[in-house]
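Provided herewith is a single structure, encoded as structure tokens, for subsequent inquiry.
By written order: A, B, C, D, E and F. Residues from 1 in each chain.
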Amino acid sequence: MKLITAIVKPFRLDDIRAALAEVGVQGMTISEVKGFGRQKGHTELYRGAEYSVDFLPKLKIEVAIKDEHVERIIEVIIESARTGKVGDGKIFVTNLDEVYRIRTGEVGDQAI
Amino acid sequence: MKKILFVPIILGLFPILGSAQDLDTGDTSWMLISTALVLFMTLPGLSLFYAGLVGRRNVLSVLMQCFSIACLMSILWVICGYSLAFGNSVNGYIGDLSLVFLNGISFDSTSGTIPTTVFVMFQMTFAIITPALMVGAFAERMRFSSMLLFTSLWLILIYAPITHWVWGGGWLGDLGFRDFAGGAVVHLTAGSAGLIAAIVMGNRSGFPSNTLPPHNLTMTVTGACMLWVGWFGFNAGSAVGANGGAGMAMLVTHISASLASLTWMFIEWLKYGKPSVLGIVTGMVAGLATITPASGYVGPLGAIVIGISAGAGCFYATQFIKQTLKIDDSLDVFPVHGIGALIGLLLTAIFSSAQYGGVGLDEGGIFSQFSIQVFGSIVTLVWCGALSYILLKIVNSIIPLRVSEDEESKGLDVVLHEEAGYNL
Amino acid sequence: MKKILFVPIILGLFPILGSAQDLDTGDTSWMLISTALVLFMTLPGLSLFYAGLVGRRNVLSVLMQCFSIACLMSILWVICGYSLAFGNSVNGYIGDLSLVFLNGISFDSTSGTIPTTVFVMFQMTFAIITPALMVGAFAERMRFSSMLLFTSLWLILIYAPITHWVWGGGWLGDLGFRDFAGGAVVHLTAGSAGLIAAIVMGNRSGFPSNTLPPHNLTMTVTGACMLWVGWFGFNAGSAVGANGGAGMAMLVTHISASLASLTWMFIEWLKYGKPSVLGIVTGMVAGLATITPASGYVGPLGAIVIGISAGAGCFYATQFIKQTLKIDDSLDVFPVHGIGALIGLLLTAIFSSAQYGGVGLDEGGIFSQFSIQVFGSIVTLVWCGALSYILLKIVNSIIPLRVSEDEESKGLDVVLHEEAGYNL
Amino acid sequence: MKKILFVPIILGLFPILGSAQDLDTGDTSWMLISTALVLFMTLPGLSLFYAGLVGRRNVLSVLMQCFSIACLMSILWVICGYSLAFGNSVNGYIGDLSLVFLNGISFDSTSGTIPTTVFVMFQMTFAIITPALMVGAFAERMRFSSMLLFTSLWLILIYAPITHWVWGGGWLGDLGFRDFAGGAVVHLTAGSAGLIAAIVMGNRSGFPSNTLPPHNLTMTVTGACMLWVGWFGFNAGSAVGANGGAGMAMLVTHISASLASLTWMFIEWLKYGKPSVLGIVTGMVAGLATITPASGYVGPLGAIVIGISAGAGCFYATQFIKQTLKIDDSLDVFPVHGIGALIGLLLTAIFSSAQYGGVGLDEGGIFSQFSIQVFGSIVTLVWCGALSYILLKIVNSIIPLRVSEDEESKGLDVVLHEEAGYNL
Amino acid sequence: MKLITAIVKPFRLDDIRAALAEVGVQGMTISEVKGFGRQKGHTELYRGAEYSVDFLPKLKIEVAIKDEHVERIIEVIIESARTGKVGDGKIFVTNLDEVYRIRTGEVGDQAI
Amino acid sequence: MKLITAIVKPFRLDDIRAALAEVGVQGMTISEVKGFGRQKGHTELYRGAEYSVDFLPKLKIEVAIKDEHVERIIEVIIESARTGKVGDGKIFVTNLDEVYRIRTGEVGDQAI
């Protein structure tokens, strides 16, 4: 099993979720993160004191999936998250040794 | 008309002899509510204004400082502050102790056309907000206990005497010094003492490039709006009656606030490309502080000039203190209140003139009045500045003024008060 | 009694001749504080009410719009607004320029029993809140600079003349049109202009299914409560004195607000299964807007009917505009203020009648008054609607009314003001 | 002087016969604004004070409870509450139904020197805040619908009669029971009914060790400040005129609040090592509640003793209820308002005495007055406590008072109102 | 070494922490996340505008542990986090190449 | 490719970011987390009700890097994050199967 972690622009969430649902993904976990990268931040100015805000709000989406779905899902995320402008984000793929469903104790592919 | 405008001073001279005049329910009603309005300026107005500007981890410490100052100054005012400020004058320098613990003030004592109790309360709200204004200068680093000690001594040794000089039948008032609602008494003292405190205590760690940004500007704007509304009690209430003087004071106060706000906003817009909400509300406070000494003396024309001067003058003063002098007056108390008050005190001399729509000047005219205003401002600055410096040094030798660097980085809320502002 | 109730109109006719009457300190006191209360409605009341309803990234832009409107309208009011509204009437259509820059208004000018300065200020606070109400309609997408331009022109060309017609000695007032505290002058103009603005500018991206949910309902409830309290100054203050008319105005205002709140709440409860806090406070605003034109004319019975009608009428109007017409009047200004004002203006005709506990009608009775009310409402709607449309088009050709889609998605706070509401 | 202070009771006896006296615009002005101030205490003052203290997921439910109570009690007051409290007395036990739906009260009715409409409104704001105070006791677990039912019945069966007994020309007032602004009528009833409700409903799940910490203390401090300002209307407004009695009431109210705040703060500092902002503001509320019954009778000396007693007494009462009795009066309504009121009612007997600066006592002196105060307090406690218990049991049998455990853990905002406080 | 990532219901935190402490876990890192899954969200209604809130508040608990403790700790988490109702959450196990303690520079098992 | 996850004291962020930038790291993602460990929390006291706050605010920094940079970057983070006092935090290293850049679809080392 793999864990797909996508760092994306927050306002793409609805589209991504819909796209993932269409290909059968039934669960995911998201969190608010801040990203630093090629995309420029902005400056805030308070009574002449400058604060440069380098970190931009991003959303981290984590989805655990079966090995055979990796390619399809990466594709779907790229398609639905892309705006073509700098800052669209990254996808990281890591290996999952094991997955458990707490409610039932199920393990592995059934737990996803 | 003029007589009415000078009522505060007259009251000062004969605060307990006032019973001769009949109580007027309309005036009393206005002074009761003005008192509530000025308290509202500090609690919650100023408290929120300041608290929004600090980092999240210090928000409660600012609220706590303002609140505890309000309580403590009230009690000190009852104990002896009022008597020192408005008791029988000892050679024009200080009130005597005849009114200690409000001795002799009863249900039917009157001062002018209002109950003496109401005059005591109205003046008390000024004694509350003045030290509370200083909180902005030493925010995010002062120890709570030393702050209580410093502000208490400050009220007795600096605020009470200066109030006596100007409003309590003292020598500055006798000289013809014009400070309608507290340019010198309130804003110049708080501003200059704040600056001294900021210098004595040193800059916050991280200043200038790396302090915490304002944690909640919506709170600051809320507080600013309350200050505006409450300031009607402050300035129009200083007419000590519901009359034409109060009406004009309200009008000029409002004009100055509006114009100073817009002035600050447009300067920022031109200079930095974007108008900010913190800018516009800071301009408003500047406009209000600046019109304060003038508010009972000038007409709309004066208010227009004062408003524009306030916006521009305080804007550049803020930049200068922070960027050139690199003094960390955390929330810009001196450039906004101190400089604003100075501008206002001086322009009062000019726009009091009947030819510019003011109430008129004593013989000697603008130039003579201007000299008095300069003199009175310098006296206030010197007394307040020097004594504040000494007090801070004394207090520091008893309890350190400043928390440790480690405590500062953890935030005063948890370190000093064992509480968190938000558990969202 | 009736004489007192019509004071605003009389004042309008002879605003500077008033000196004949003696100043009353009680009336003055009430009008000073009413002025403060109405300012309080906008700053911070309405500002918070609106700001809580938008997305987090636009919160400061809303506060900034309300605040800058307050400042700018104040100055325009001093420059010429007051004169256009309350100067000597030119054939009943507009005030002349005799009072430009408040020319001739001094410390001892009176209007009725209060200082003229206070009347100027009281009316100014109405000139502030009216354009500020429109902010709700174009929130989250209007450019700051075009908003300043639009609201300025709007004040001069729409608000000032209509005020003159109704309260300033103009033709609608002469006709017997009853609008005690600003149903037509304030709420109908703001509501209809808001609707036009929403249509001209187009819906927010994401509307209807995907706009940002209210980011802070605690802020909205706080603002709503302040509106309620401040509205006592608005309606009872419109009696221009501390008298039985003011007392009844306060009572009927309160009854209407309470009942409209409950009505909205129960409709929601029945329809959706759950009563919401946003619902109850919206009902309150509807109840207050609706009673406004009637507040000096009706008794408790009228207030009860008006309150219930407000809750139900505005609830369904909100649904209709949003769900059926799919117009993105962001914060429902038209269905709440516009429809509310219409309901109130019409019901004024009925419940002014002495037989229903009102102050009584001129001969001609309910039917004749009803016709006048319908006519006055239509005139207001047409003038305001048409001119607002033209103004918006003109402004748009100078500076685009709307920010770009990209800017909208980033949020106006950072894009237009380089600030963030919260750094929590 | 004394005559003025007893006006509320006199008004109670002849509420509609008052027309004999002339209306005074100054008094009317003060009562209009006092009414606004007392409404402000509940909306938004108390609402914010309470809402900040609960968990994030229940914040709207608290605001909703306070707001809906304000609306519903207002309507009930108009329908019959005012008549039951201030109608012609039926043997001193209850007002008759002559004023149902404010029958006969018109634009020119007066009560004493103010319009009757204003007196109705002023008293209405008391009828609003009293049940709203109880919200603190059952916060975070009571069902919205049962709360509406319970508070409605409570107003009619408990609040209205007790108000009649004390202020409405009833037997307790006749006996000489002194409760100037509502120690028994407001705070003791709300406090004791709150305690009963907390006991009947049971503790919140997680109590004592694991309830949610206050989610936003900045909100609580804001609300507390508003309570302080508004309380001037509550206590000084209870003089029903702008006179020396009002002035002294404001002064003693302020002294008590300040001292109780500092007392609570210093006790906490000594006991736990750190002074907290929640502590100081709780002390303030205690000081205000405690001075309430005494505020028209005592002078500064009385205020000093009452303030200190309030801070210490309510502090230890809070600890006792929570830590020893382990009753989950969520926001400490009983120890602060109930115990505070008891202390104040008793000390009123002593400090009313002219020798301690009070207005003076009837013959019989302190001891006799003390007995009356004890008796009146017990009567209030018994009537209110017993009837509240019965009402709660009855309501519970119709609609369960408490939400399910699952709903409690999800939070009342989403479960009952389908809304979220914050979308930050 | 393994990284155990558990997505759980927020109000279970106290129990889970206590249970983990009992079996000797001395450190953990938590963050607020939002989860989408079989458990239904709710609707919020603002003046007739419907917002469906599909993502529910969850807590992510991350614990780095030695390989030999994996089974025991999974068991403990499942036990203490379970309510038996839908939405109890998941546990993901991933391999850790290395762990460092910043203060001391310690590496591997000692750093945990 | 590796994912470096560092749990650090929040106020070290500026230094860490600067240090990482110096060695050529061009992107990173941060999030606010709360940590439990050897470092003691504090107590909050509200009207006599005690709340012990065991979890302290920490910052999680995630950086995806090429395999050859691992050692250098760990070193840099340790240096810039260390205060020497308890609670300085941990660094976890996990293997990344794949990285994608959403904007361009680039894969692997180029995507970082």
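The rule we apply is simple: contacts are C-beta pairs under 8 Å (C-beta built on N, C-alpha and C of every residue); 3 or more make two chains touch, one makes a residue touch a chain.
Bear in mind the structure is a predicted one, so any value in this text is a computation, not a measurement.
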Quiz item: Where the contacts of chain A and chain F overlap, which chains show up?
Solution: B, E
Quiz item: What chains, if any, are shared contacts of chain A and chain E?
Solution: C, F
Exercise. Please compute the C-alpha centroid of chain C, do the same for chain D, then give the distance between them in whole Å.
Key: 33
Quiz item: If you average the Cα atoms of chain B and of chain F to get two centres, how far apart are those centres in Å?
Solution: 46
Quiz item: Where the centres are mean C-alpha positions, what is the separation of chain B from chain E, in Å?
Solution: 52
Practice problem: Can you tell me which residues of chain E touch two or more of the remaining chains? | Solution: 31, 44-46, 94-95
Quiz item: Using the touch rule from the top of the page, what residues of chain D touch 2 or more other chains?
Solution: 24-27, 29-30, 33, 213-214, 216, 272, 274, 276, 278, 418-420, 422, 424
Quiz item: Looking at which chains touch, is this a line, ring, star, complete or other?
Solution: other
Practice problem: Go ahead and list every pair of chains that touch. | Solution: A-B, A-C, A-E, A-F, B-C, B-D, B-F, C-D, C-E, D-E, D-F, E-F
Self-check item: chain B-facing residues of chain F, complex
Solution: 11, 14, 42-46, 53
Practice problem: Within their complex, state which residues of chain B touch chain F. | Solution: 210, 409, 414, 418-420
Quiz item: So in the complex, which bits of chain A are touching chain F?
Solution: 2, 6-8, 31-38, 54-55, 58, 60, 74, 77-78, 81-95
Quiz item: In the complex of these two chains, what residues of chain C are touching chain D?
Solution: 1, 24-27, 29-30, 33, 37, 55-56, 212-218, 221-222, 225-226, 228-229, 232-233, 236, 241-248, 250-251, 254-255, 257-259, 261-262, 265, 272, 274-278, 280-281, 284, 299-301, 304, 357, 359, 422, 424
Quiz prompt | Parts of chain F lying in touch with chain D, wherever the complex brings them together | solution = 44-51
